[in-house]
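By written order: A, B and C. Residues from 1 in each chain.
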Amino acid sequence: MTAEFDTTVDSEGAPLGVSARPPRSLTRAFWPIAVTGAVLALVPLWLGDSRLMMGLAVDALVFGAYAIAFNVIFGSTNQLFLCVGALAGVGGYASAILADTAKLPMTVGLALATALATALGGLLSWIAVRRSLGVIFTGIVTLAFSLSFANLVLGQRELTGGETGLVVAAGEGTFLRERVAAYYLFLGLLVVFLVVFRALERSHIGWAFRALRDSELAAELAGVDVARYRIYAGVIGSAMLGITGAVYAYSDGFISPSTFAFGHVDVRVLVMLAFGGLGTLLGPVVGTVVFAVLDELLIDFGQLRTVVYGLLIIALFLGFKRGAVPAVADLLRRLVRQARSRLGRQP
Amino acid sequence: MLEASGLSAGYLGENVVEGVNVQVAAGQAVAVIGSNGAGKTTLFRALCGMLPVSAGRVRFDGEDITGRPAHRVARAGLAYVPAERHLFPGMSVRENLLLGAYPGRPDPSAFELVLDLFPRLEERRKQPAGSLSGGEQQMLAVGRALMSRPRLLMLDEPTTGLAPKLARSAYEALQALKETGVTLLVAEQQVPLALSLADRGYVLETGRIRLEGASEDLERNPEVRRAYLGVA
Amino acid sequence: MKAVALDGIVLGLQFGLLGVGMTLIYGLGGVLNLAYGQAAVLAAIVVAITLTAGAPALVATAAGLLAAAAGGVVIDRTLMLPVYHQRGEHRVLLGLLLTLGVAFVIDGLLLWRYPTGALRLEIGGEAVPILGVRMRVGSLLASGISLAVGAILLLFFRATTMGRAARSVIQDEVGARLVGINPAAVRTFIFALSGALAGLVAVTRSMTSPVSVTAGFDFTILALIVAVVGGLGSVAGAFLAGVLLGIVSTVSAFYIGQYITTIVLLAATALTIVMRPRGLLGR
């Protein structure tokens, strides 16, 4: 367990293993987001013609958004929410039903759906905090929630279309249904989430997150209301999930239980973050890209794809505590530092 | 029976005890005395395999047991009662004792011996170990160690958390034990008690042996008297 | 109504057996084994293959149980080693993630090789009237086996040296070492036992309805539910919870519907965790 007491230090002097403090200056803090956004904005220029490829790109962005949300909840405060898909599903199904069945305007549907997801996620956080549920029990309770949601959707066929899924009328004919426009919309959402994540990191909330991640007891003794900050994380992350799910429903036009299922969403998010790095800013983005590519490469493998994901989960969580990319980045940084000091010593 | 030569051990790369030589002959009672932080617990853990050894050797009855895992050392006839006792809290007194005999079948005469030594345990047979008082837990810990009929019994600060009267009766029990032929190695902060039981003693200070000798000699030693017996 | 209740007990006994393996691994190994259902499915496939190859039922069953137990041993001796180095929550989390990975690997491989694989054990014989309800022989045999195994396990853990030794490891691992118990050996044994139990559940379940190769995760979730409600680490608790939940499940499915039933079971799990985390009979 020495990884938590890793004394290797990054360029800012913050200990690694526990995640580093975000950069102080505004430009240093936010330029990675700007660059990422700019780079990703170029994708339609390359793939824009293929409706299929653009569809996949949009999906990738959606998962990226999910991953950032999970990063906020689990990466920041160690709350194992195994209901990422379900919370997004609450957003998706609620917005679709409110717009189509209750005939509410899309914006209202969006707002209410997001509010519902936020409330549910916040409730789960609150319960976990009030009852002092550890990581495992939180995981089990949220998993129960996730599976219950799936069963609820399956059971209420008239309202939700059950297993066959729901065709979403709202959003038809709007720009939301155009793949390229939808891509930029989700890219915008992704960038906003990244900005929120970074802003949180730099605020007193982020400081509290780091403190409680490092040592819950020490944080409490230092006056950090661990309970409150955990709930903040739960609420913010759930809001992100809810809004993503809601927009997805309007944009894609079709949702089904499998769109938001544990096996489909949560597992992928876990693998993505295992790659990209839990608790890091761009981890989810890196993970998204890697996963999207991987998924494409493995498309002909059928069931063996599941096998590969399983092996990846094992390898990644065995080998790298907080993610593959951070570990590699760490290694590179150390090599660079060694090389620099060796050069410095030459006469 | 037990011999440590040049023993060094510690935590996270730092040695807490350095170059320790200790000998315990069969049938003897030997005390290791020292204040808090002297390294007594570290030494004991290294001797019985709970802590990896960074240098030196440990020999038990001529056999080199350095680095052997703790459960195998226990089976070889060396029983260790740590200061924290490590009883099985949810299991009854009886079950704790039965497990002491692992892997063999519990020897009824060993059971008798333990209950004779600690009659209080007989009353509490069915009670979960976690519900016993501090003194009773100490008795149970020693009793459990005795169930395997060890040739050498190591005790780390057996008087921890015991009122003076209980501490004295604990040492009376240890004396009775010694008379049945069990070899004893005791780490102790309470020097008078330890030296009253022991034939020989070692004084451990900041991880090294400072003095050794027969317990009467140690009792008369002016440094020992000043540092540990509160006598000017 | 009586028929529904009796069916509930039959189902409940199987639930109990399913939960026991999971509760043992968590209670004694400190690991939540998400690949548990896959062990059951693996056993089912092995039994099915051995049966089609012409072997008698008992041999096939033994082969299945052995395969699942062996799988458990392999996982314990390889993947779980880094997990055991960790303590407390980190151990459970890493164990959870790694076994999830294993679950996917096994699931993927089995589905790829035997996409339509299923195990069906036909137990012949006239239906037997119990309390005025005609029960299939298969149900009775499955229930009998579950009860017998449950009793044996209870006896084993309570009254034998090995069983006590196993319990002691989770109570105080250091203490266990001090009395000469090797915690690693105990954990391997528990993993193997748990695998065999999972396999046994698959076999007994197949006596009443077919066990398909896709059933892995469903088994795992069910086992988790029963183990949590019964109290993680308690054998008797798993059986008690199993029977109760089996009856609730059958009654609910009969009168209300399948999806609501699943939600009820999941809600029971969440409620247990929130209101009474040690479960029915846990410590």
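Basically, contacts are C-beta pairs under 8 Å (C-beta built on N, C-alpha and C of every residue); 3 or more make two chains touch, one makes a residue touch a chain.
None of these values were measured; they are calculated from a predicted model.
In this view the innermost chain, defined by its CA centroid being closest to the centroid of all protein CA atoms, is C.
Taking A-C and B-C together, the chain pair joined by more C-beta contacts is A-C.
If you average the CA atoms of chain A and of chain B, the two centres end up 54 Å from each other.
Averaged Cα coordinates give chain A a centre that lies 33 Å from the centre of chain C. Note: centroid distance chain B to chain C, computed from Cα atoms, is 43 Å. Across the complex, chain A is touched by residues 32, 79, 82, 85-87, 89-90, 92-94, 96-98, 100-109, 111-112, 115, 217, 221, 224, 228, 257-260, 262-263, 266-267, 269-270, 273-274, 277 of chain C.
Against chain C, the residues of chain A that register as touching in their complex are 1, 80, 127, 131, 133-137, 139-141, 143-145, 147-148, 151-152, 154-155, 263, 267, 270, 302-314, 317-318. Contacts from chain B toward chain C in the complex involve residues 50, 69-72, 74-75, 79-82, 84-91, 95, 98-103, 105, 144-145, 148. Against chain B, in their complex, chain C makes its touches with residues 161, 164-165, 167-168, 171-172, 174-183, 283.
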